[in-house]
Each structure stands twice: as structure tokens, then as C-alpha cells.
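In the two complexes that follow, subunit A is the common piece, with subunit B as its partner first and subunit C second.
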Partner chain A sequence: MNLRGGIALIKGTWASWMQYRAFFFVLAFGWMVPPLVSMLVWSAAAGADGIGGLSQAEFTAYYLILILVNQITYAQSNWTMGDVIREGGLNTWLLRPMPSIFNVLASECAGKVVYMAFVTPVAVLLALVLRPEITVSPDRLALALMSLCLAWALRFLWGYWLALLAFWTPRADALLALQDALVFLLSGVAAPVLLLPGGLQTAARLLPFRYMVGFPVEILFQNAGVGEILSGLLFQVFWLAAAAVLCRVLWKAGLRRYAAVGG
Partner chain B sequence: MPESLIQVEHLSKVYRVPEREPGFKAAVKSLFQPQYRQVAAVQDVTFQIAAGERVGLLGPNGAGKTTTLKVLAGLLYPTRGQVRVAGQAPAQRSSAFLRQIGMVQGNKSQMIWDIPPLDSFQVLREIYGVPTAAFRKTLDELVALLDLGDLLTRPARNLSLGERMKCELVASLLHRPQVLFLDEPTLGLDISMQQRLRKFISDYNRQSGAAILLTSHYMADVTAICDRIILIHNGRKLYDGALGELSERLAPFKLIRLALANGTNHEAPDLPEGVKVIEKEGSNLTLRVARQDAPGITSALLASLAINDLTVEDPPVEAVIDRIYQEGSVA
Partner chain C sequence: MKWLRLIRTFIVVSARQETAYPINFWISLLHALLNLGTGVIGLGVIFSQVDTLQGWAFADTLALMGVFLIVSALRGLFIGPGMETVAGLGQEVMTGAFDFVLLRPVHTQFLITFRTWRLFSLVDLTLGVGVLVWAMQGSQIEAAALLLFAVALLAAVLAVYAVLLAMTALTFWSPGLMLGWVFDAIFQLARYPVSIYPPWLRFLLTWCVPVGVMTTIPAQAITGENVLWPVMGALGAALALTVGASWLFSRGLRRYSSASS
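After this line comes the complex of A and B, so read on.
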């Protein structure tokens, strides 16, 4: 490991990205729109009686938090990995005495800071206008924060192994678009997972996508039982481990191929 | 004999290149049944390079120069043969190995695009774990050698190509590598910038004792920097030795350029035996003579003709190299 080098790289990348903050603000706004639309639809539908144990104000709270979680876990750096491999930028990374994933993590961390600088004030403003309601116990909050870290790692590594397929096929980023679509559908963006109809809800519980965005938010709400939370955390850890193994295997195999055919 | 810094034994590198016939049917077929062709980029190449040597890797496009360099830098695995650089196998890309090498690619950048070079250098300092004092010292030296001055604080994207190349060189040298690989370092630069970089590379080599392996299409790069050349053609090594010797072996003649004085018979001057006129323009003549006859013929010319000016030259290296490319061997 080379932690000092990694931290320096994050700082450098961040400074570089600040030059483009307007561009990233526009991107971040784009990512906010789907949950924002869902929020308006669901809080209108909930009306005075609420739906599935959630009141109108709770739906607002759910989606406002979801907007933040979605932003924190969105791994934008995986989108550029394919270009780095195809265009030979990887050579520069490989020549340095530092694991190459640090370069991706650096843009990931740097990006987070830039995005959050935009999204946080917007979310606060929305909260002031829309008056969400939520009561959270400290232990649920702690679990949610832990789950949030796992969610970020899972979403990043899941996208990373998909991006690494660029070693073999030129347009691996199509799979990233598919991942985004499945996250929208199954990760509590279109609707909270516990409100999804039968078959879809089962799929959401089994597949990794719920554990990338929706699950840490669900933990904060009382309609998610303790058993639900514990099994969810287990699924989250399982998928994270699977993604980590896939990344490692694909990186090694990909690098062998890269070094065999030339970058 | 001490171990060479770079040891290459019987290196071969074979690429598997996908290929298909033109047309839609062939495109569909290649999806299910891809066809590959083996392309040998480097074949059975052996050489050693000692510390402090400046070696030019020469060859036409596609000769295998860059492939060889990439194998030495650990970016490509050798198909066959043994490669050791600074005592390590490059393909393993160990941290110990990567800290010993530096590589500049004329067509790739290692700077972070939107921040000043100085910030990029700081990042590299941390990555390589260079102590602050040593970093300052190296940077000051490099800045003075390359005359970087105020470039360091401008965003990299605002630099001209030549300015950026200077910074690329600095970036590759901050950790004081023992081995420096330069792949077309003067690509696209103007003449004076080329000369600056050449001088810098030679100076750095003298100061640091680092071995330098350079590929270039510009003969001037090689003649200015390298004391030894390795000539590669179609993946095979054709020649390994001093540049001067290559000309002697390949071109065993010299060129005598004459400017005849007014009043001399320009049309049919009286020339000694064994002289061939290869160019004639007014009173200026270019003669080709056998290398060993050059002194005798020169004095005979001076004695028999009224001459304004006379020079004796080696044939241009480009002509020598071009002959090898055409013939595919060093006779």
C-alpha cells in the first residue's frame, strides 16, 4: 500500500476537478432528478392517510435522504475506466509504484466533495420548504451509517468490475448504464423496496442493487423490522465480498491480457 | 564483470491480432469464430546496457522499438526470453523495480491536466516517497537545467507542447531513476526545443549516471544523445555498437565538397583517379572517394586545382540507416 501517495493523488485530483465545478454541478443535478420526481409522485399519492405505513412527510424524508445517499454512493469514476484502458492512459498508472485502483479512488473521493458541495445545500433548501418528518433512534442511525459505507463500497466495486470488462470488450460501459437502470428500479428510487409488488420485491432483496442505495435509507424508518435489517446487512456484506473477489480476479486477468496484447 | 543494469536475453514478443475479411458476412462470422494472426513484433533480441550508457533504439515504424521499451518497463510481458532491469523482472512490476525506472512517452502525459505542474510534482513526490529536502534539490536542479521558471505555476493544459514535454521529463526524473526510457521524447517539437531537450538529457546522464534508452525517428536525437545504437528492423537486431562504426562499415567512403575558384574549367575539371562526382552545381562539386584514399586525393586536389573551399565529410547517417532499412541487413 502507499497511503501517502494516495492521499496526495486525491488532493491533486480534487484541485483539478474544482476547475470544472459547474460541469459537475450540472451532472449532480441530473442525478437528483429521478428521486426528486419519485418524491413528488409518492408524497402526492400518500395524501393524508399514507401508504404502506409511511406518511406523506415520511415519504419526503425518505426521498430527501435517498437523494443524498444516491449522490454519496454514485461511482462516477467507473465511467472513465474504459477510456483509460482503451486509450493507454493505464500505462502511466502502471508505471507508478502504487496500486492502480488508487487513481480511480482518488477521482471518486475528489468527485464526492465537489458533488456534495452542490447537493447538500439543495437538499437542505428542499427540506425547509417540504417539511419532512422523521424520528431516528441513535442505534438505527449508527446502523444506517455503517450500511451507507458498505453501500458506497459495493456500488463502487460493482461498477469497477463491470468497467474492467473493457480489457476484453470495447464498450463495457453499456453494462454501467444497465446497472444504473437496475438501481433505479430495484434500489428504492422508483419506489421504496418494501412497497414493491411481490416478485419485484423478492428480486430486489436478492440482487445487489438495493444494497447500493435504498437499504441504508430503509434502516432509518420504523416500517423496516429488525430481522429485515439484519438479513439486509448480511446480503450487503455478501455482495460486497463477491464484488471485491470479482474485481481482483478480473484485474489480474485483464492485466495479463493487456500485457500480452499491448496497450 | 559487474551485472549490467539492463539485460535482455533472446527476447521475443508475439502479438495475437484479430483479423477478418471485409464485408458484413465476415463481420458476423468473426463474432462467432474470431480469426487471429500471430505477429512477431520482436524476435530473439539480445543486448546488455550498463549504468551510465546512452543507447538509441533505432528502426523504422513498426520495427519493434516501442514494444521492446514497453517490455523493459514492465508494461508488456515477453513471449519468450529473459529480461532483467536493475536486477528485477519488469513483468512483476514490483515497487522496488518501478522506483528505479522513469519513462517518458512523447504521446502520453503523466501530468494532472488542470493543475499547475508543481502540484503534479508534489503528488509524484508523495507517490514515490521522496524526502522533501531531496525533492527540493532535484527540482531546483531540473528547473535550472530546463529553464522552467514560471511554467511551474501555470495549469498544465495552458502549456505549449514543448513546455509540457519539459515538465514530463521532470516528472519522470523526480525520483532519480537509475534507468530512463524515452519513447519519442521530441515528437512534434520545434528544432530549438529539440536541441534544448537533447542537451538536457545528455547533461542529466552525466550528472546522475543513469542509463538512458531512447527511441526516436529523428536521427539528430540519436547522434546528439547516444554513444551507442541498437538497430532493429522487422523485430530483429541488425546492429549494436557505436554510431561512427556503423557508418564506417556501411559506407566505406567519404564525401569531399569543393568550391572551385573562378577561372577554373567548371565543366571538366581535372580530377585524380578513383573519384566519383555525385553532385555538380556551378562551381560547387561533391565527390565520393574511398575512405582510405581521402587524405591522398584531398592533397592531390589542392595541388592540381584552384580551390576556394574544401571540406571532407562522412556521409549523412540518414543515408546510411535508410540503406539498411531498404536492404534489411547490415552487410
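After this line comes the complex of A and C, so read on.
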């Protein structure tokens, strides 16, 4: 395996990204606003009594962590993959002596660093102003971190298979917009999943979207039971496997009919 | 009537350009429905847990959501597209293509305001009006409240215009600024009444980006609250902002020194 090439790619991509840091900071700001609005709304709704066992300070903690998790798992390279396929950028990738997914992963890693360089200080600042409260036991933290890795992989691969549909249709990006909307509603951004009304909550538990953002955050809170966490992790692994298979199948089938000029 | 005739021509030209890509209509429709769905369902989820949000009942907050959609649609119809062509990454001020705007024998600010239309936004407008009507069904709306609402909505659109114009003007000093996107992000806060936000944020949303003027006050007007003075204040503030932004824009124009082309 050519690890040196991979590292060089990450370095190069990162340098080219930092050139436009203002642009990426504005993007990151835009992504953190929806959970931020939810946080302010739920804090106002919770008032002094709290809602569903969560106090005002706990809502703040939930959403501040969610803002970080949302940024870590958001796979923005899925949005550019369609252009790479349509405009023939893929030609260059295919010529390199390594799997093309490394190019995408390189841009993911570079992006993560740039975005987190903006979001982390803002989240810390908000924490100082809004005074969140949360007590986390070490085992919960370990489980949450594990679930966070799975969440990132799931959100990335799920978006990746949607993006690969660009091999067949130029309008695959619309499905990514749909994914973003479902993530907003079902993944604990609009409201913590435990507070969703009946039908929506069932949908959230069964569909993959909750396991992309909200689930790792839920683990940190004591009102999530052990059985709930275990079944959630199983769901996460199941959907991750499904996404991986879909990516593999679509990539192979797509390459066979791929014929873009340019790049 | 030269101005109106020009605006008509701009609309016709934009419509021709847009209808060249008919499939974009369906994509726009999808985005509009997703925006509507996430907004209304998100609101429903909150009100499944509480009865009122700082004194705002579900119907009132839904009316506010309708106002938010209407104002965003009007912004997307012509204010936004016009400004985006001028300012932003790789746009006219950055590339120097703004030369051709300055050369036209029309008042520059008028030209950039009404030049580009995105008629697909009429779909968003329809959906916004639909939400507002849905929120207001069964409640009596007096003619006075409707008139007040119209004035408040005018003030709201004027305020959005002024803020975006000021942000566009600032790109003459620093072409890399993407304040339009920053405004988009901040404008998301207008989905809810400003009174629910903590005091420091409410202060910013009153004096820096007047989000309250843009949605909260029109929503209060249509739901029959007695907000005669706030509406008048909003209109005055919006007019002052517009004058200020126009001044800033003309100052910016003088700084423009083109770019190589």
C-alpha cells in the first residue's frame, strides 16, 4: 500500500484549502446555525422546569456537543463527488496507483481540520456564555467516541453512494439535499430523538439518519438506557455495512459505464 | 415609466434564461418542499412538548413561519440574485466584470437591484402564503390588521434589501468577503420570534441585523396584536437603513478600481 502518497495528498489538499479559509469558515458557520437555533428554541421552551427530563442547561450541553458532532460527521466531499464524475476529474484519479476513495478521504480529512478550527473555538465561546451542564462517566464517553467513528463512516458512505448515482443521472445532488433534510428532522437536530412524537420517533430509530449525528450525543446522557445504546450500536453497524455494500456495488457498476471527457 | 419598463424587460429576460433549464423547476420545487417540511414539522415537534413558546401559541408561530417563507421568497426573487451577481467568490467585483455594469446608461444601484430575477422563487412565495393562510384560518382578520401587516411586510423587505446592499457595498473594500452567506445563516434565526432568544442575542438581532423587523413584527401585525408603533418604528428604521446602505454603496462605487480582464 502506498501510504506516502496518501500523506502527500492530505498535506497538499490541506494547503490548498487553507488558502480559502474565510470561505470555509462561512460554510461551517452556516452548518452550525440550524442546531444553534434548535438549542436556543429548546432552551427557551424548557424554561425553569425542563422538558422530558432535560433541563435548560442539559439542552445547551446536548446541542453544543451536537454542533461538534454534526461538523465532524458532515461529509462535504459528497457534494463535490458529483462534479468530479460529471466534469471528468475522475480521469486523473483513476490514473493514480491507489483506490480513488483516497482522494475523497484526503479532502475529508483536510476539510475536517479547517472546519473544526472554526467550530471548536465558537462552541467553547458559546459554552462560556450559555453555561451547559453535563456529567459524563468514562465508559459512556468511550462508547460515544466509538459511536462517533461509526457515525462519521456511516454519514460519509451513505452520502457517497448517493453521490455515486451521478454516474447515471446529473441530478443526484437532489438526493443529498433530501438526506440533509432527513438528518435535520430525524437525527436529533430539530429535537432530541427522545422528544420526537410517536411516528417520527419510530422512523428515527429504524432509519439510518439518527445514527449519523444524534446517537453518539444521546449516549452521553444518563437517560439513555444500556439496552437502548446496544441496540443503537447494532443499528449503526448494520446501516454502515449496508452503505459500504451499496458504495462498492455502485462504484463497480458506475465505472463500467463511465465515459467523461476532461479533467 | 422608463423604470417600470426596464424592470419588465429584466423579468422577461430572466424568465427566458430560466425556462431554458426546465428540470431546475422540479429541483427548486423539491428544495422548497424540503424547506417547508423541515420548518413546519420542526415547529410541530416543539409544540408537541409545550403549549406556548414565551407567549407564542402554535398558530402564531406558524404564522411567523409563513412570514419567514414569504420574506425569504421575496429575497430570493430579485434582491438576492442581483446582489449575488455583484459580490461573492468569483463574481463581478472580484473579476472586474463590474465594469460593464458601470458602463450601462442606468443608475447603478437600480440596475443591480432589479437586473436578475429568479422566478422559481414564486413557488416559495406561494408556499409561504399558503402557510400563513393555514395558520390564520378560523381567526378573524380585521382590515386594519391587514393594512398594518402590509406596511410591516414592506418594512421587512426593505430592511432585508438594505442589509444585503450594505453587505454588497462592503465587498468594494474587501472583495473576498462573503457576507451574503453570513446573512443567510443569521436569517435562519428569523424562523422564531426574537423574544425567545437570550438578551445579548436579542440585542444583536435588533441593532446589527434587524431580524425582528424582518419577521417578528409582521407576524405580530397579522395575528392582531396592537403593534402600530413598532410597525411605524420598523418602517422608519428600514427607510433609514436603506438610505444608509445606499450611501455606503455609492461610497463603495468610488473605491472600485476594476481588475485585470
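The working rule: the second predicted complex is superposed on the first by the 257 of 263 C-alpha atoms of A that agree within 3 Å, B and C clash if a C-alpha of one lies under 4 Å from a C-alpha of the other, contacts with A are read in each partner's own complex, and residues count from 1 in each chain.
The rule is short, and it goes like this: a residue touches a chain if its C-beta (ideal position, glycine included) is under 8 Å from a C-beta of that chain, and two chains touch if they have at least 3 such contacts.
This structure is a prediction, so every number in the text was calculated from the model and none was measured.
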{"item": "Fit-or-clash call for subunit B and subunit C when the two complexes are aligned on subunit A", "value": "fit"}
{"item": "Touching partner for A:L185 - first (subunit B), second (subunit C), both, neither", "value": "second"}
{"item": "Contacts of A:R131 with subunit B and subunit C, given as first, second, both or neither", "value": "neither"}
{"item": "Contacts of A:P34 with subunit B and subunit C, given as first, second, both or neither", "value": "second"}
{"item": "Touching partner for A:G89 - first (subunit B), second (subunit C), both, neither", "value": "first"}
{"item": "Contacts of A:R257 with subunit B and subunit C, given as first, second, both or neither", "value": "neither"}
{"item": "Subunit B versus subunit C as contact partner of A:P97, first or second or both or neither", "value": "first"}
{"item": "Centroid geometry (CA): angle subunit B/subunit A/subunit C, rounded to a multiple of 10 degrees", "value": "90"}
{"item": "First (subunit B), second (subunit C), both or neither touched by A:R171", "value": "second"}
{"item": "After fitting on chain A: smallest Cα gap, subunit B-subunit C, Å", "value": "10"}
{"item": "Touching both subunit B and subunit C, residues of subunit A", "value": "none"}
{"item": "Residues of subunit A that touch subunit C when the two form their complex", "value": "22-23, 26-27, 29-30, 33-34, 37-38, 40-45, 51-52, 129-130, 171, 174, 177-178, 181, 184-185, 190-191, 195-197, 200"}
{"item": "Subunit A-touching residues of subunit B, taken from the complex the two chains share", "value": "15-16, 67, 70, 73-77, 91, 93, 95, 98-99, 101, 103, 105, 108-110, 112-115, 119-120, 122-129, 155"}
{"item": "For the subunit A and subunit B complex, residues of the former touching the latter", "value": "2, 4-5, 7-9, 11-13, 15-17, 19-20, 88-89, 91-92, 94-98, 256, 259-263"}
{"item": "Subunit C residues touching subunit A - in the complex, by the definition given at the top", "value": "23, 27, 30-31, 34, 37-38, 41-42, 44-46, 48-50, 53-54, 89, 176-178, 181-182, 184-186, 188-189, 191-192, 196-198, 200-201"}
